[in-house]
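Structure in structure tokens, see below.
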């Protein structure tokens, strides 16, 4: 038996595979298609203080080996999450990670306090980097703002904090370092790359929101590079790598680049069981290669 | 509602052109056949690579539960449908399904007449619905209206005749059946049916559904619409397929629909 | 007859289609496969002061809808270019644009002076953004350095100057503005996105250089977004849009987003005649749509 | 040197398995057939989308100029070769070619013996070369050595016999022909040929070519090697396929090669 379990902050995951926030709903939607308990962790859609209706449609368009999305963080708000979604998730034996989004520090702190009190939530992923809402990127492009936000959150909760980084920056390491210095237990990367697409006959943007976030295999090389850069610079903070992971092969690239865990996002749209297939594939790879512990792979790439 | 849909790689049994650029692809998918109900759809992928990247939704057209076969009727418009058109018997096709949260809900009132109104690839799910209703009770009252711009674009007339349903055809240029639109035929049918219990089931291009919906609201007849919007995931997790409802809610077409009542949808 | 000609600085191009530097050699290689005179302009491989051997192999790996390259600017140096490559190009009736690369301002100025004297060169594209050599990005991530470089070049030459921007920055507009303020006649964007790929069995990077530049359709949404952003902010400077253009459809998206011309790069590897096919496709689109002048498309996208 | 290669979308004539996971795909490409010479290759794409994204190079195996047909012999290893394996007669395949700058240059010395040494998919271009030499002069002296790990992996023996060439086979496990490697057979052949004019032409896995090259340099026999490296463009413009030469130059394999002299290459 190989060991597939990894640690992210105070959390122990039975395998390194999480779901990507916003690509797995609130878990309940997918609970018949796959066994949630077979996941390393279940990361739910970004939750905000008040309910949000999100952006007008069209919200997703297909691009080469990827999609652009501009959902705009549609969600039912924190009360709805705690009352309607969390009870279902508590029944499972899988770490629940709630992704938070707010306009200002106070929003995040409020959400963190509510979720800490609520019980049954194991970690918070801090979305400072959603490109699809106005000012959604203020924190992520500025190490100082990131530091302030995470410092405040660190005081507000003992839950494991995972700060989610944006790829739309010159220097992802500096933002990651600010989050780590402020007490984030882990970093997750990458969120989507800002992009657009145009309908040439209508001469209109194909997304109602004009721009959206690019995800899927198209962005994998960029995501993998950023994970490696951050791991080189900050080898002691666990990373959750994501961006274009479809297969166990993709996931193992991220582990080798320095990710302790990975998330499967857009791939779920094309294969409902992608996350657990990736987990099974990692285990198979370990067995085939005679590797006893998945932790041996983490950061093990050489030049 | 959670999706029980699974991914299946299944063999193609046949793939025949029925009218220009429209084909029926039948495959052996017993698990899907067992679960499929009218209004359900499948999310299809034709390749083993990432181009095209997303699956595309197709209504289930025919189901043969004994033989474990299902079929889809599709019109060739882009990469997925071009790929489907190339599939030969023995090739494999990759399906996720059956998908759909709220699907057609047959009117169970005593003596109810089921009025189907379809256009384009909106016709197949209504053919499926009609056959299911007839197999539950052969005496079911069904009226079927099919509309198209021109007679060469009319679908499923023979298939329906075989099932014992005489469809009323409307064409915009009068090349077959009644000249006009489906709503013209629908007014006639509803007038004929008078005050007896009636439900209209509609699937087709959005402007057609909008018109049918307006007419049904006007004459106060219950109407179920199978709404079409792009569906990247089909499983309720991506939030791309949202539909604004008259009550202010913004819901997912894939799992909260795709069938909505006329009046429910904010056009 | 529709008008397909556009202006970039002092240059008039017969159509908006250029070749991407580094993807079309020095023109001579492709001169049998297509008619160079059918191009809007021929942009040649980056040329440096001294000859460069570039990076070790492997230098290119395939990714989803794209490639990563780490050629490392292999070229024969300026003397070789002027003596061996330029005479051949002078025979053609097509604007020749030479892409320059250097370590410091003096290198660029030297190259610009040499090429201005040489005659037969119509414009210079200033590569401040190659991610595959050490310090290759210093200028591109810093508006101040960019301003200094372009100011010096503007003094050194009357040739049309096109500054090539890097996408690996938080704020592409600020670098573009600096180049425009310093006297660049046009901007070209985007160069490649920094990425990597890993061989999971060997646990090694798939590029000898570790990281490389991502090009091809995978990056098109990001490139298109940046072209649109820069055009919004700097509507008066002509842009040469590139990144993932394979078809005329792709090219027209860039024109609508605000590019005056476009470049076909990686696509040439999969279709030798991609550049002239795109030019022909644009003309066909204009005819089909009853558009008399390609300039009507430029920046014509609406929300 | 500039590339005159063009892109052709041509019909497949036949596609047959010859040994496990190795097939010969023949297509109708008269323009290519007219230009193709031994050592030339084609850059192949199997899809109409972007997955796989790059073309992949394949040597030209047989050429029938009268019928306008050419063939490639390929081993199934990845997406392109899997796609090639699926092509049926009548399907189309997308080629760019013929590509290659310096290709095999037949030894024109009086009475020269041409010694071919091939392994794996390095054999087909040498079969092409042998046939070209024989068609120029039936009396040409040809020695042909084919190596493999096991007899089931040996290629083209029958094809060569048909052309009148008796190939010497070597297998590492002795399951067919001589036990050992191609260099063992090559030593025997070169010894037999003594001081008469000889040129060795070699194509196969890199370690094999390295060994053959070393042997030829040792015994001072001219040797031409068709070097294999990844070729994203095949047309001399991407600079990815560079080979370091002993004289310090770094040249492109695709247009400055792919055929180099032993001694020229820095291994």
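Side notes on the structure shown:
Which chain is which? They are A, B, C and D, in the order written, and residues in each are numbered from 1.
The rule is simple: a contact is a pair of C-beta atoms (placed from the backbone, for glycine too) under 8 Å apart; a residue touches a chain by one contact, two chains touch by 3 or more.
Source: prediction; values computed, not measured.
Think of each touching pair as a link: the shortest run of links from subunit B to subunit D has 1 of them.
Between subunit B and subunit C, the centres computed from C-alpha atoms are 49 Å apart. Between the CA-based centres of subunit C and subunit D the separation comes to 36 Å, rounded to the whole angstrom.
Residues of subunit A in contact with at least two other chains: 63-66, 216-217. In subunit D, 50-52 are the positions where the chain touches two or more neighbouring chains simultaneously. Viewed as a contact network, the protein chains are fully connected, with every chain touching every other. The touching residues of subunit B, counted against subunit C in their complex, run 50-51.
Note for the complex: subunit A touches subunit C at residues 63-66, 68, 141, 168-170, 193-198, 200-201, 203-205, 210-211, 214, 216-222, 224-225, 228, 244, 249, 252-253, 256-257, 285, 289, 300-303. Contacts from subunit C toward subunit B in the complex involve residues 64-65. Residues 22-25, 28-33, 45, 53-54, 57-60, 62-67, 69, 71, 74, 216-217, 246, 268-273 of subunit A touch subunit B in their complex.
The touching residues of subunit B, counted against subunit D in their complex, run 47, 49-52, 79.
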